[in-house]
Amino acid sequence: GAPAAAPPGQSGSAAAGGAGSSSVIIGIGGQTLLTYLPVTLAQELGYYQEEGVTVDLQDLQGGSKALTAMIGGSTHVTSGYYEHTIQMQAKNQKVKAFVDMGESSGLALLVAPKNEGNIKSIADLKGKNVGVTSPGSSTDMFVKFLLAKNGMQQTDAAISAIGAGSSAVAAMEQGQVDAAVMLEPDISVLTKRIGHDPVILEDVRSADGLKEVFDTDAWPSSSLYAKTEWLDQNKETAGKLAKAIKRTLEFIDGHSGEEIAAKMPEKFAGGDKALYAKVIEDLKKTLSKDGTFTDDGVQAVLETQRVANSEVGNKDIKLQETYTNEFVR
Amino acid sequence: MSPLAMRSTQLLLTIAVLGAWELSVRAGIVDEFFFPLPSDILQTVWVWVSSGFVFPHLWVTMQEAILAFLVGAAVGLLLGFVLARVRFLERLLDPFLQMFNALPRVVLAPIFLLWFGLGIWSKVAFGFTLVFFIVFFNTLEGVKSVDRVLVDNARMLGASEKQLLRHVFIPSALTWIFSSLHISVGFAITGAVVGEYLGASAGVGYAIAQAQGVFDTQGVFAGMFILMIVVLIIDLLVNRLERHLLRWRPVQSS
Amino acid sequence: MSPLAMRSTQLLLTIAVLGAWELSVRAGIVDEFFFPLPSDILQTVWVWVSSGFVFPHLWVTMQEAILAFLVGAAVGLLLGFVLARVRFLERLLDPFLQMFNALPRVVLAPIFLLWFGLGIWSKVAFGFTLVFFIVFFNTLEGVKSVDRVLVDNARMLGASEKQLLRHVFIPSALTWIFSSLHISVGFAITGAVVGEYLGASAGVGYAIAQAQGVFDTQGVFAGMFILMIVVLIIDLLVNRLERHLLRWRPVQSS
Amino acid sequence: MDKTKPTLSVLDWEGKISTAPAKDTSIYAVELTGCTRQFPTPGGETYFAVRDINLKVVPGRFVSIVGPTGSGKSTILNMAAGLLNPSAGSVRSFGEPVIGVNRRASYMFQQDPLLPWKTVIDNVSLGLTMAGVSKAEAYSEARRWLEKVGLKNFADRYPHQLSGGMRKRTAIAQAWIVNPDVLLMDEPFSALDVQTRQIMENELLQLWQESGKAVVFITHDLDEAIALSDEVVILGAGPGSTVVGSYEIDIPRPRDLLDIRDDPQFVALHREIWGRLKIEVSKTYQTAMAEEGDVA
Amino acid sequence: MDKTKPTLSVLDWEGKISTAPAKDTSIYAVELTGCTRQFPTPGGETYFAVRDINLKVVPGRFVSIVGPTGSGKSTILNMAAGLLNPSAGSVRSFGEPVIGVNRRASYMFQQDPLLPWKTVIDNVSLGLTMAGVSKAEAYSEARRWLEKVGLKNFADRYPHQLSGGMRKRTAIAQAWIVNPDVLLMDEPFSALDVQTRQIMENELLQLWQESGKAVVFITHDLDEAIALSDEVVILGAGPGSTVVGSYEIDIPRPRDLLDIRDDPQFVALHREIWGRLKIEVSKTYQTAMAEEGDVA
């Protein structure tokens, strides 16, 4: 693929900016992940600038790394999963999400082609090897949650880390795992490579799936969050960011996959523009329309955490301190 | 200084560093989110050990590291010796080996997974690419810097190429080889762990990745602590072997 | 064999390998999804180069790698010399250095980010931890294996500790040091790239990571190809420096 | 030992074969014809170490080479051993051109050639074990040789634990044990005290007389050269030194090394050779002192 | 040069100071008192290299040590140089105990001590440059010395490009150039031809006579020892060898090294010392031959 633009200048180590700063460093937990697309798209559309903030995007290749970088003061705002704010509260770190981008985690539990006949339900996963992107990630917790929901032990299935991208596709294709939790565009790529639709056990990319698995309409996933302290000191900047993202979400809602793909840097298409447009079209239904969190949604996320993450477990979590809709309204 | 006194000094040093760490965390100078209390780490280690949780992981990692170490060192030695003896090959292949050495292994992870699967072999391959280059370059240089007179003498005494290797080159390059082995012990383990970290279903790297995924820094440090202990033990063994094989060297009086 | 003939042979070898690769991909023996056509890779390289896209990235990576190389080599040399001369320190610190060498650097990425920020310094630190250990262990061993008579002679001629270092230890350990530098050139670049790969907004590692994230294997390979070329050039320079500094060595007749 | 005995080994030292060119070239154990060797100098020029060397040694003959320091004696031995290729000229041994090392020769180097990682006995027995002799046999043979050189009690020492003279003697035993057809020795006895030296000289003569070996011997001690040899070859002053004289030593054998210095034949030969050698050595010094070198 | 001249340097070689113990111990340039040195053997036992060595050398005196090979001559020199600590006994130089290297001595080693990465001239001038002498000055001084040892034209060669004798001569120049108060020399001339050797011997005598230096000289050549020295010390057979005799050489100076061998005093001394030395050397051999070592 031919790249479009030179990379943004590497900014030095960023001391957490002073109050009223209109220059923000956003750490993204994987810039090429579709679920974080609005953050990059907003930059491409020039919305940040229009709102009056200068945004520097840093690709940190994973949600937990992006979060850690923010806690360490390298970035101000993180584009990561909402569940991190809950996990941080369990660790006595005050982190608050202020824009919701993903209504759903966009995950699907796929059966490897070699097991298409054998595994028909979650219960069939007993004793099997399930691939996740990395242990402890939301894909891992998704599996744990599903197992628990179906009355199984967390240890009933072996969890293998297979990463994302080509390594995940290869692991599935070659049958190195029996099933795997995957994200877009990996699912589409896998589909294309095996030549038929893979068997999907659970799919929360759609409203139906969400209802079925989590019994909710929304399950906030990708979001922008920051340290509560930073938010309190930079209300104005946060508001501008939230506005920019909200406008981007509206833009996405109002445009087709192709139109959106055309706005993204060319290299993000990875050479296959048609496929890219298609997955963006699919993505649209998992994205939030207005950037707000719902009580049901955050509650569902907490439930998942309680079940799947022993670090949260039964700790006392004050949900209202983990998110705010103050800036998107 | 007697070995015992040395060990005590080392222990004291360790305790001093850990103590300072503990105090600065408690005093809030160091952020507990990144550097958990040493006492908590040790407790986690204890839990991992006493519950037996860590042993299957450690066993997997050790298998990978030892295989990577052995295969990497063997191939590195072999190629090092061959290329040092056949100047043509060395000049031909040197740039290629240099180029491959500069390939970022992490980027290659998907290819390793593809070729060697999710099991231990992809990690062995990972560690191999680290160990091999270190041992190879050192062996090459070690053989090339053998005293000319020794080689000539052995050849005059009727040494075949194989005997030259055995009686002259290998012993002469042994200090070099051991230096590279000292370096590669660490790298073999690093390779295995990073390999696991990127894709695996067991191993200390997997355990560390899991802990890191849920922001359990104590677990991360506990995993690294256990690795350090293991390396310490392996290094002791390598040192002993080295002392045995290099016993002909004059004792260094300081 | 003349240098020119050697270069031609290397070129031929390269072409042969790439040709075989191209053919087996076209024949469907090798999966293009993982191993794109060499011709496509070269084309991507051409696009990256001609559009100027790669140069800012390369510049960032080179800065990081060169800094990591220089700082790592300098500190490794210094500590290597000091520890080789002060046996007490060596015995005291050796186990600690061994342990630290076994720490998986990738796991430490968050700490590097914490300490050194998102800019080039965290990548320099990353590369440093690779280069340092290689140079350190080799320097240590190199100084320890200096011919005793040479040291004694220099001391009798009135050498101070500093002069010993300059006139005896450094030149004598130079073959060792160069061996470690040969290894570390690759590792410095690897370190920088892996560091970028884990979190950055520029650099070849970043470009590779982005390409990998979108299944652009051509881009991944193009990035690695460019790295290889750069290493080749650096290695040529290191070789030249080595030949100059070791010109006192007897010419090796094969 | 897989070395084949030379067909000429029946000719013993009394054979008195002249050094005049023979038709059958395979008669020479060592044959250097017109050998020149040059080295590149730091200044980029070439330095002629030796020029146009002709040296022919038949089996059973003991030839010594004397000459000023730096005149190229070691260079000649290196060429005869096949370790150094002549820049011009040819080297043959028993009729075969020497390519790679000379497999029928054993060479005692001027420098210290002991393997530091092998004990004395392992160093000495090396030639045998490499030839496939069993370890036990090689060891017992090595012990016999160590006894000859007076190092029986030092068999399990490493070279760095020996004195300079002991290392030399170990190297001597190492070179002798393989029982070669040609013995090349570069100042073997210079680090030894007078008496040990005499013992070694006697051992050498005995070893040589027992078989039809050819010996090429370098020494700075003209007494030693005359006492031991059938022929003394004088090398001229460098650079580009060449053979300036060759003297047949016809003192009858067996010789008594202790009293040979009083033999009138010895005295006469010594005077003659010394007169010639002196010229060469002074030349070397005159060259070194007078000539304006490129560094002056 | 930061070395302070000894207060006693006015005493020149004609001073004939006896070796009998003096009250003022600072009078000795080198003083070994009851020095014993042992080494661990591979068998785990200890091997006594030298035992109870007493050696006192006043400034301006030329003392030679002779003895069978392996008797501990180099060991004694190493102790005097401060490179080897005695297991028992004390080493002093000009009254000061020798701790670390002996800063007032210069040592020419038995082994090859040249730095392979330095050219001949850089090797020779090393002692001066390290003492802070400017490079130009050190080079011109080094050239002067290279001329003395006949290597003027080889100044820019690296050691591996030299012959064995040339390397030795470079080492000699290296040791002499620093102009020390004590010269320790371990078989400096053994690799040289007779004439070069005489030139070197003359240079050494001249160097020594010019100043009140003390010289401790090891050689295997008794002629050389007698010709050069004020005193010849004989070391006994090892293991655990010790000084078995010390002979005052009172041949008047200046001596003519060429003809000294015909001097009746020389002949008498030679016979006497040789008689003693012979016993020691034979002992060494008897020990080596008869004793059942631990490897037998």
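Letters are used for the chains, namely A, B, C, D and E, taken in the order the chains are written, and counting of residues starts over at 1 for each.
Note that contacts are C-beta pairs under 8 Å (C-beta built on N, C-alpha and C of every residue); 3 or more make two chains touch, one makes a residue touch a chain.
Computed from a predicted model, the values in this text were never measured in an experiment.
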item: Partner chains shared by chain C and chain D (touch criterion as defined above); value: B, E
item: Leaving out chain D, the still-touching groups; value: one piece
item: Equivalent interface positions on chain D and chain E, same or different at half; value: same
item: A-C compared against A-B, more contacting pairs; value: A-C
item: Cα-centroid distance, chain B relative to chain C, in whole angstrom; value: 17
item: Inter-chain centre distance, chain A versus chain E - centres from mean C-alpha coordinates, in Å; value: 82
item: Inter-centroid spacing, chain E versus chain D (mean Cα positions, whole Å); value: 29
item: Centre-of-Cα separation between chain E and chain B, whole angstrom; value: 49
item: Interface hub residues of chain A, defined as touching at least two other chains; value: 68, 72, 165-166, 170
item: Residue list for chain E, restricted to those that touch at least two other chains; value: 111-112, 119, 158
item: Numbers and ranges of chain B residues touching at least 2 other chains; value: 31, 34, 110, 114, 197, 212, 250
item: Touching pairs - complete list by chain label; value: A-B, A-C, B-C, B-D, C-E, D-E
item: Chain C contact footprint on chain E (complex, rising order); value: 81, 83, 101-103, 105-107, 109, 111-113, 115-119, 126-127, 130-131, 158, 160, 174-175, 178
item: Contacting residues of chain A [partner chain C, same complex]; value: 1-3, 5-14, 25, 27, 30-33, 56-61, 65-66, 68-69, 72-75, 164-166, 169-170, 185, 189, 193, 267-272, 276
item: List of chain B residues in touch with chain A within their complex; value: 31, 33-34, 109-110, 113-114, 117-118, 196-201, 206, 209-216
item: Residue ranges of chain C in contact with chain B within the complex; value: 1, 6, 9-10, 13, 34, 86-88, 91-92, 94-96, 98-107, 110-111, 114, 133-134, 137-138, 140-142, 144-145, 148, 175-176, 178-180, 182-183, 185-187, 189-190, 193-194, 197, 205, 208, 212, 220, 223-224, 227-228, 230-232, 235, 250, 252, 254
item: Complex contacts: residues of chain C adjacent to chain E; value: 149-150, 152-160, 163, 167-168, 171-172, 174, 246, 248-250
